[in-house]
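The letters A, B, C, D and E name the chains in turn, as written, and every chain counts its residues from 1.
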Amino acid sequence: MHDLLPFLPGQLNQVLDGITLLIPELYLSGLFLVILVTDILFGKNSGWLCRILACAGLVVVLIKDLQQFGLVVNNGFPFFNEMLLLHRTSVTFKALIDIFSIILLLYFEWDDELRSHTKKLSGLYAIAIAAILGLHLMAMSINLLSIYLSIEMVSIASYLMVAYHTENKLSSEAGLKYVLFGAASSAVMLYGISLLYGFTGSLNLLTGNMLPGLLHTNAMAVSLAFALVFVGVGFKLSFVPMHFWVPDIYQGAPTPVSAFLSTVPKIATFCLLINFFIPFLYYPKWDMHDFKLALSAAGIVTMVAGNFAAVLQNNVKRMLAYSSIGHTGFALMALAAFNDAGKTALSFYLVAYSLASIGTWMLATYFADAAKAEDMTSYKGLGFKYPLAGVLFVILLISLTGIPLTAGFNGKLVVFSAAYSAYQQSHYIWTLLLMITGAVTTVVSLFYYIKIPLNLFLRKTERSAGFASPNKYLLASVAIITILVIYLGFFPDILLKNL
Amino acid sequence: MTMVKALFYLMGFIAVASGLYVAASRNLVRSVFMFFVTLMALAGLYVLASADFVAITQIVVYVGGILVLIIFAFMLSGRESLAGLQQQESRFISINKLSAVLLAALFFILMLNILLKTDPDHLQWVQKAVSEKNMVKSGDATVNNLGINLMSHYLLPFEVVSILLLMALVGAAHISRKEKSL
Amino acid sequence: MIPLTDFLVVSAALFCTGLFIVLTKRNAILVLIGIEFMLNAANLNLVAFGKYDRLANGGQIFTLFSITLAAATTAVALAIILNLYKRYKTIDPSKTDHLKD
Amino acid sequence: MNILSLLIFIPLLFALAIIVLPSSMRAGFKYITLLATLVQLGISIWMYLHFQTGGHFGGVNNEAQFQFVQKIPWIDLSLGNMGKMQVDYFVGIDGISITLVLMTSLVMVIAALASWEIKSNLKGFFSLFLLLNTAVIGVFCALDFFLFYIFYELMLLPLYFLIGMWGGARREYAAIKFFLYTLFGSVFMLLVMVGLYLSVKDPATGSHTFNIIQMMNPANYDQGSVFSVLAHKTILGMPARTVGFVVLFIAFAIKVPIVPLHTWLPDAHVEAPTPVSIILAGILLKVGGYGIIRICLGIFPEIASSGAFWLGLLGVISIIYGALNALAQRDLKRLIAYSSVSHMGFVLLGIASQTPEGISGALMQMVSHGFLSAMLFFLVGVVYNRVHDRDIYNFRGLGTLMPKYTTFVMIAFFASLGIPGLSAFIGEAFSLLGAFESSSVNGYLPYWMAICGSVGIILSAAYFLWTLQRMFFGTLSLKGGDVWKTALTDLDSREILALMPLALMTLVLGVMPSLVFDKINDSVLALVHFLK
Amino acid sequence: MGAVLLPLLAAVIGFCLPARSKVSGWLSTLAILLSAVLSVAVFSKVWNQHPVHQQQLWFTIGETKVYAGILLNNLSVLMLVLVSVVALPVHIYSTAYMKNDERYGRYFTYLSFFCFSMLALVVTDSLVLFYAFWELVGFSSYLLIGFWRTKQAAVLANKKAFIMNRIGDIGLLSAIIIIYTTTRSFDINQLFGTNALVKTAAGQVTGVWQYIAFGGLFLAVAAKSAQFPLHTWLPDAMEGPTSISALIHAATMVAAGVFLLGRFYPVFTHHELTILAIVGCFTAFMAATIALTKNDLKRILAYSTISQLGYMVMAMGIGAYSSSLFHLATHAFFKCLLFLAAGIIIHEVQHVKDEYQLTIDPQNILYMGGLRKKMPLTFIACIIGGMALVGLPFTSGYLSKDGILIQSFEWSEGKSWVFKLIPIGALVTSWLTAFYVARLIAKVFFGEFKMLQFHPSIKLHISDGGWQYRVPLIFLTICSLFLLFSLNPILYERAWILTGFPNITGLDRVNIYHTIIPVLVNLVAVLVLYWAWSVYIKLKALPLPESGFLFRLSYNEWYIDKLYQKVIIMPVMALSKTTRWADLNIIDGFIHLLANIGLAGSKVAEWCDRYIIDGILHLTGSLVMAIGNFARRFQNGRVQYYLFSMLAVILVIFILKTLI
């Protein structure tokens, strides 16, 4: 032990310094414990209490996040023995994660399916908070260990959330598929990590021997290792070919959970990717060509696969799942630009996308609760029965399609701009292809998004009975989201300035 | 040294062979048992890689935890399913299996290919470590070293894992809990 | 003194075995076992390389973490599988395909 | 409050009013809409009267020469290493837009009158109608590409629902077809737009701008930017500026529509309810032509001149092809739809000639076609509402049954087949004249194009006269028998009220084309001079 | 100016009035009366003095300013007077002729509108306006031909007429545009007036443009004044009211083509004029032959019109500018006269028909006969009109027609024999004219009323009708005599009209033709008349007179007739049959062929639209579907299959990457 003693004080100091940068996460873990305790103390009827606690706590966490803006510089600095890296983007993303999580946590209770769950939701909140903690870590981790750990944390939490509604056959089936697929891909990722470690003898991306070591090893081996690692990341981000699980799981899982899976983990994972690429970007001798190629190709294929497959869907949740795949592909375009504009564009796009998609999931719940409508065909004529909901649905879908005066359009615009500027500097053919594919798939996406307004308004329903009185709060929150979407459609710079 | 080498190859052989048996066998109980053997063999390999603490953990956690869990699961999921599985297994057309074999084989070839390309013993950092004597010798104990590292360098993951385990516990408990209202 | 290459060969073999098991077995629990194989293969790599990283001890510690995570994952997975069994009276992944296009 | 913005947003205000009003007052909605359009008409007439002409009010590529300008900084943010992005709320009109604006607001009044026949879900209909109204006017006034694009896209959704919810039997197909067609064009337009604004720098602020007028000035392009005039960049091996021009042209050609991008038009027109077909044919097609003049020609003049031959060719093809198709139809509304294709072909031909006569003729043709097609579709709507049938073969000898109606039909038909003294004649004659001239003036178009164009005139005479003779002359015999006979009452006062201004406008423009030419002349000259 | 605008005023008022109001009739009659007076006044002021030319800016397009104005020179004032004066009796006539029609008011609206556009056409000074009114004339004739819109034949006829005219219009339009593009001017006076711009080097239309322009102009002329090959619409146009046929399709509108030639005269080159001459001559001959065998009263007159127009065009072609216009003027009067008379006859026969519900065609001359006692005035009118048409002395027709013939012979002097054909053709045509005129008169007025043979029970009370019929007839009859044009009934050179125009060929009597031609023409014409008379009357004429002289005479006539039957009638009949057949099957056939080609093209286009363009569209759609299906194929719900495909994809990509 003598040979480590000299390092000890430095290490501990680093830990102590790190604590100050870790305040939101500490709050989160505290919150986790609190909710756990309430769950245990008050038994299974403490759902409402846990919910209040969770949301309140998240608000506090959010505040703490925003406070962090003050103490970060733009390119950020690592802490906790270079386990984590805190920079402006990660703080932003953490804040976004918290905001959306608050909405989603509120949303859990509004879903009839989950509310009718006999085991109550108190446990779910605890799991969700843990998942959010994992997401926070993902957004900051810069070390292979922390990356693996946070990803696993989020994954396990997600398995549990998907399978949470145990009475539901589909839910549990989805859980099984998810856990098997997830575990397998994380195993693959672990193997990749082990190779990376083996080639360089270090787990630390930012400093240490990682990049020089990789430069000195055989390129093919390195790329295999990266490929294996990206399997794990791609599983979270669900781009082709790691997207196969998405439709089944989103369809089977309780709708709020699907909403959760389709938004926040993506945000965190994108942040993780940004972190992951930072060292390679700034390391002089490293050639990014492979990454660019891989990302562009993945983006193109993902856009095509997601959007084109969505055209033929009849189940609304499944359709939304495919569309989320497509959007991931589009976001990859911003990432593949590899410039600051790309980062800004990416975050704005993610905000626009997440807002709209949460809204649409909520509306899917709304119609499922109101009229037992799961399929497009059962949406017939509901627009006249629930006009407000119908109109909101249309606006949100418009935003997802990317037609002006919605946030989605500005998102597409900035992403295109970023890709374009990247193209202007390096006339890199794949970037151009990305943009063209993006344009084409936008048209295709309209093709299936429009189906919902089509059924809502253009067709007449034959059924007259069986219309429940749906949840007011749900509708209200969707309305707020929609207003946000339109507001961002008019004045994107309000947000873009701060990203 | 030759002794160690021989031991290593033995262990390695056992691990791989038992793994293959698991893959091949149709009898669940046997395959689970063979899995147990594999884990043991791996533990041995860890020891030979002079990572005794890891070896212990392997035995404790895997054999004592995971394996037991799995067997319990079998018990809970009842025999009839197993029976059903077996004959369904036998009747299963092997076209799917073939493709799987192909895939696995290809991966294996790929990996071997890579290993040969980057011969790991002469990696730059390995050489460096050897030269700097920054390598675990077979004799010395790694436990305290590990302890210090866990408490200092890897403190954060250590804490995080605790939360993770707690969460997993709660969740697993929730899912497998019987609803009273049913 | 055992060369790293041999370790890697063994681990690769294990990994591919696991892969094969995962892809072929018609029983969720066996699939899980296959995943464990793959994890162990990775662990073997880590440990083997960790030998040359005495100070930071990354390999071994990583192995410890991965073992723990494996345990957690297995627990969760088994819970889910049992629940599934309650619903479907089978744990054959290829039979639980109600969710599909 | 700037008068132009007022003009643009008044319908929006009324739409909001309609939305907030309870459905119990649905009877009043149509009056509200009519009021909105009338106010709009008043404003635009005022603008028309106060629109100054003269050499220093040419507009086109000179920002100072636009009138009723309003320019407010809107979006202004820095995009990291790409520099700053600057979007203004920038509206203003010059001679090219003024007449179109006036025409639009008049046609809107007619459409509002026509929409009284709508019976179901009035609140939705009229609010969408007014939203569409805002968008259309906005397109004609916007001078910032971003703003233009927004208005341009804003037209899609209301139209989709107007066609899809109040349309005919195959309305879903028509609506989706229309939507996809247009979106296809506009998405690629978005790409080019992004490329343009990243290439152009506002000399004043030094930030990337969407200002169309500054895009017209080659000096504002960055060195080495994709669309720079000097740096001959390529996209996928083709010259970048050509690609940009083609993409934009396709986007607008879909709207015009130009063969072979026209097949959405017959479906959309046929399925759409009367007021919507009026708006579609009367106004939206003009958006395409306007876009080609303002954007394609404005931003890529050199490509426009080198590609003039192909533009002209497309124009001629549309003329002939549309006319032939019209000749083959037996659904009256389809026939008129195809006749629109044919007539808009003249617009393209005139634009392609790039002579003052040609472009003035094209603009005149757009204005007159605005009135005429509105009139035609309104007339079709009259019969359709009476007996819900449009098949030409099912009617005969309507002339004796509904004399007033027949009179208006004859006016409309003969106007649109180019009888002198009615507006279309001036438009077509001068488009052709321009086409003839260009072969001797700038040598863009060979003269056979003009001759083929005039063949189109004969064809149009053929199908209109055929319809007239088949449907209105001869002894009375209807498919529906006496039921129809009783149903087919002559025009009532509202319909006459709606048709009369259109008929008068065609007549007045035919006798005094100076009403249009005086206003547009300076801008056209400026444009032609700019193109040289 | 007022002369032009009055009818328009009348038209507008009439348009506003209800369709059957009698007021508009008198209104427009009054208007045309006033405009006639005014135009006579203008005529007296302008004729052979300096032309009036006043214009004002109409609109500006680009740099070019387009003016609108009136140009009054001899040509236009002559036309002005002609139109208004001819229109006047027709108006009066119509008030009676149409009085029972329920769309009486509408009729006069159209009529006034026509007069307006015709008058405007003759006075306008801008090519744009010229084209405009040119087309408006066609448009109003369209309205009037199809006036009885419930009558299918009429509707088809007006469609045909309009589309044919349309073809001509397009020709004119292209010609105008070509002239404009070379001269940058629309001003007729500047272009074709004294020191015509088109003759100068700057304005000279050159090269292929020249021929295109000529082609366009020729099409215009051919369409408007029914020249070969675009003449077929005119006979069909007879479906309209007879008064309309009188005014438009005999007197005024069809003359517009000749007027066009007069206006654009400086444009044409020598060769082009020759072509015109040939076409005119051929048309004249062909139409005359066709007229020989028609039985429909109005169609006979229609074909005679065509042939007379042929004369005028030919005259223009051979440079007999003035004579052509002279003939135009005279022809207007006597042809109008003939038509009105025909109108009366048809009207009366129609009465009979209606009275007894007979199933006969009231226009078929075979059912007529012996009317000279019943309606003497009409008879006299027809005789004089016919004489004028044939060109017998003491009629206006004699003066103008002989002028044309003589000049044509002079023109063909010293040219190759091919050109000789033209005057000869004209000559023969005039004889043919004589024949069919005689036939017409004989069939209609002599003999007995054929209808009695079929329906013996008929009581005939046929008369010349009211004063609205008589006055115009008398008026026009007087106008058809030589007095109005020249005090010397024999020598056409004395006609004052000729003084108003530049004389192309020297008109001194040095030339032998001046004595020969008239004699020749008239002698033969008289002979032909006599033959015809004998053929159509004496044959079916009742018992021979006792007197031997007459008997022998009639015997000789038998003899002559035999010969005549063999030698002349047969071939002529055959010829006319063939021409008529050609007319129906070749020319109309050709036009129908064009129409069918158009329709076929339209079918093809529609097919393309549905299957190719939309087909491509739907193909794209299905392509999207296909890709989507491919992406979905992996989603079979088995997680292991997902894993497998995922790893497989990665492996494949990686292997590809390493291989490449």
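Operating definition for what follows: a contact is a pair of C-beta atoms (placed from the backbone, for glycine too) under 8 Å apart; a residue touches a chain by one contact, two chains touch by 3 or more.
Just so we're clear, the structure is a prediction, and the values are computed from it rather than from any experiment.
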Tell me, which chains sit next to both subunit B and subunit D?
-> A, E
Determine, using the mean of C-alpha atoms as each chain's centre, which chain is farthest from subunit C.
-> E
Between B-E and A-E, more C-beta pairs in contact link A-E
Report the chain whose mean Cα position is at the greatest distance from that of subunit A.
-> E
What chain lies closest to the overall centre, CA atoms only?
-> D
Distance from subunit C to subunit B - Cα centre to Cα centre, in angstrom | 6
Subunit A and subunit D, separation of their C-alpha mean positions in angstrom | 44
How many Å are there between the centre of subunit D and the centre of subunit E, using C-alpha atoms for each centre?
-> 41
How big is the gap, in whole Å, between where the Cα atoms of subunit C centre and where those of subunit E centre?
-> 100
Residue numbers in subunit E touching 2 or more other chains?
-> 632, 635, 637, 639-640, 643-644, 647, 654
Residue ranges of subunit A touching at least 2 other chains are 4, 7, 145, 149, 152, 156, 159-160, 163, 166, 175-177, 180, 184, 188, 198, 201-202, 220, 224, 247-248, 309, 312, 447
Set of all touching chain pairs, with the criterion as stated earlier | A-B, A-C, A-D, A-E, B-C, B-E, C-E, D-E
Subunit E residues touching subunit A - in the complex, by the definition given at the top | 624-625, 627-629, 631-632, 634-635, 637, 639-640, 642-643, 645-647, 649-650, 653-654, 657-658
Spell out the residues on subunit C that touch subunit E in their complex, using ranges where they run on.
-> 19, 22-24, 31, 93-94, 96-101
Given the complex with subunit C, which residues does subunit A contribute to the contact?
-> 3-4, 7, 144-145, 148-149, 152, 156, 159-160, 163, 166, 169-170, 172-177, 179-180, 183-184, 186-188, 190-191, 193-195, 197-198, 201-203, 247-249, 251-252, 309, 312-313, 318
Residues of subunit D touching subunit A in their complex?
-> 75-77, 79-82, 85, 121, 149-150, 153-154, 156-157, 160-161, 164-165, 171-172, 175-176, 179-180, 183-184, 187-188, 190-191, 194-195, 197-198, 224-226, 233, 235-236
Touching residues (chain side subunit B, partner subunit C) in the complex | 1, 4-5, 8-9, 12, 15-16, 19-20, 22-23, 28, 31-32, 35, 38-39, 42, 45-46, 48-51, 53-54, 57-58, 61-62, 65-66, 69-70, 72-74, 76-78, 81, 84-85, 88-89, 92, 96-97, 100-101, 103-105, 107-108, 111-112, 115, 119-121, 125-126, 129-130, 134-136, 142, 145-146, 149-150, 153-154, 157, 161, 164-165, 168-169, 171-173, 175-176
